[in-house]
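Letters A, B, C and D name the chains as they come in the text, with residue numbers starting at 1 for each one.
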């Protein structure tokens, strides 16, 4: 029997793509679309969905998750920027009901794999810098992904110190010994290079997203994986089996 | 007490660098240099070295290893291109004497880590291509590292088939479903990109060697690790602890 | 007075974008949209457009251009793959009527500039290779742009010959001494690297298109420039003033 | 008759390479090597060299150039960091004697071509950022080449403003509307990317030096070209014929 899925925020750009991707997957069935004017609790009740994917806003995540869990359904929260408080509220609620859930700030499998590779390499290369390229509309810098990546690196030591700058900012934004350089360039959607150096050699992990299609495989994977959980996990890496076990 | 090390082939380019690197490491002591005109058996006996690093030729590897093992010393064989027969002979000899040994076709930590990352990613991205760049003097193509990398990738499926070429060779050398593209460019020493693609995103592992210094950390690591082995392993990956165990 | 423009093939993906871009430009006015079921001759007569942009098919280009010229309008032919015969027919017709026209196989300013830069560099670097990356649906390889780029390079000499391949195709498709390597990767739309090497240094021109928006500035430029021509030129480079001054 | 050349600073790393390169060129003859303890005036007199290449220090450049010119020889000053005053003194002295001379802060042909390409592209792409990578020993940032490159770009407008930084320095060092990002990475010798963006496309010029060999073709070219000058020029671009024709 196919997995029955409800999409919340189905008219947004991510929502439309998600509906198409679920429709195209023979192991899944799209049993409902929920948007602003709809009553989520009622939709959950009527559809009897196994999984509800929330693609609306971080602010609504905790409220939506509660309704989803109480309806006997499993939440896949696909918004970024949740407060720690919201994350904990959702996790507590899942725990109480012994219900699977997953919060995914970034559905891209490539982004998760890039971070895991960077973490692995950082155990052997003591110097790393991050270059992140985004479209010009992005307001803040560095990106959340760059900051999270810097925090995952281990054993990295500070290198050429920033006081040698003849123009301020040349050596980037240093976070946990990792300089981060943010480019805002029209014509590039979202790209991140993590550059590691040793005397004589360098090693770069480069991840490049050009289209929201990139997020669909991770979204479908989350829908499937949430059925086998009995708690709420945070981050796609928790449901990729080989990232938890030996890679060779 | 420092680890005592003998370098065989000490006058070659790798040999000179190895002697410098060992000299500069306070936990090691260079107790002998052996070259063409020297008697290896006698040097081993006189030096009482813990470890002997062979940087001569693949053809000499098995003979040298036997002398090293019989002298109660541990071989670090740092030449590439050994036949399977030579590898097995060395491993058998180590086994009989319960002696540690290691054969390392490529001492670069970056190369090993790049391959491990590529292997990890290949479990989630079904399409991969390899671009390898080498200096113009390199005779054969594709490189041995590119072929070995292609063989480590898993789940990769063939993509756009080569019969659509209007000029032969455009789609590269296909090995185990992975197209390999070999550039021979003056001004590039040794570089390899492994490019993975998904709809909407791509992920690239790029490794770049510009100087033989790149091989020294792996060489020193092999010297240390061989003391704790009681068999002979093939490849630097076997002595990097985190590559054998969960990375998170 | 704004430039009045007619778009032929207005419902296609390029056509829709072109109509939006013209609408958004205060110096231009969109005076008509022509599609399959419309009568082009009549639309040209009614609209009295200054310029007609044809975004349909290479096969229709010559016929459309003739109707456009005969109506006193100027053709901007924005399709690729025209036969030499079609190109000449359009140019002859423009010549006879002393009418401006332009045939543009690739509206991307970046692509034109990348080729001009590659041409300039080729006067000083004797070895070059091209890597072109396209999405997986692209049928033929190498790409037309890669072949045209190879033909623009000067003084390039053949390097490591292809007979050293242990797997056929490793050294790519050699065209006019330039090896071309074609990658077909989901997640990359259209990218081209031209790699030049000298002993000790390399220089790479990398052009990356991720969205059809890339073609709009060149399209608007062609509409403006065609008003000042009295013959039909082929290629966007002819209307970029600084590229006409002898760069060689 | 071969061109006779004197090398000043022949024992330094650049000097040794220069002597080898001159020796290997059949159209040239190395007629003298001058170092610290030698008397330059006397060496110039004895050797009767056509050209003297100075590879010592910026501080000595003006004094050396004066001696060279007064001896009837032509100076090729191959040091960087000359003050404006020194440059003018050398140019005045050449002018008075109607003597050719050239001051070359960077002998790399690739660096000159990269800057010329960047200048050309900047006429059509309004947004540019520079990433420069250097080895970890480099003290100052941004590099002189990055600053000079930013100054050559035209029509570039400021983009996402730096006040959106959540960590200081993320958006780099902004110089003439061009953000410059400086990486200091062991394992990279000297690399510079100039990244241009348009909606939908990006164009990158990437120059990578891995060895001082990169400077020899430019050095030999300067020795030849200085014979045909009757004034002193600054920068390799002035003797590359195709770069003098107006590219804008």
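Note that in this section a residue touches a chain if its C-beta (ideal position, glycine included) is under 8 Å from a C-beta of that chain, and two chains touch if they have at least 3 such contacts.
In this text the structure is predicted, and so the values were computed from the model without any measurement.
J.: Any chance you could check whether B-D or C-D wins on number of contacting C-beta pairs?
T.: Between the two chain pairs, C-D has more contacting C-beta pairs.
J.: Taking CA centroids for every chain, report which one is farthest away from subunit A.
T.: Centroid comparison gives D as the farthest chain from subunit A.
J.: With chain centres taken as the means of their Cα atoms, state the distance from subunit C to subunit D in Å.
T.: 36
J.: Centre to centre, by mean C-alpha position, how many angstrom separate subunit B and subunit C?
T.: Comparing mean C-alpha positions, subunit C is 46 Å from subunit B.
J.: Taking each chain's centre as the mean of its CA atoms, how far is subunit B from subunit D in angstrom?
T.: Whole-Å distance between the two chain centres: 38.
J.: Residues of subunit C that contact two or more other chains, please.
T.: Answer for subunit C, listing residues that touch two or more other chains: 187-188, 198-202, 208, 210-211, 214.
J.: If each protein chain is taken as a node and each touching pair as an edge, is the resulting graph a line, ring, star, complete or other?
T.: Here the contact pattern is complete, since every chain touches every other one.
J.: Can you list the subunit D residues touching subunit B in their complex?
T.: Residues 187-189, 208, 210-211, 214.
J.: Give every residue of subunit D touching subunit A within the complex, in rising order.
T.: Within the complex, subunit D touches subunit A at residues 127, 129, 131, 133, 136, 138-142, 147, 159-160, 162, 164-175, 179-188, 195-202.
J.: In the complex of these two chains, what residues of subunit D are touching subunit C?
T.: 108-110, 113-114, 116-117, 120-121, 123-125, 196, 198-217, 240, 242-243, 245-248
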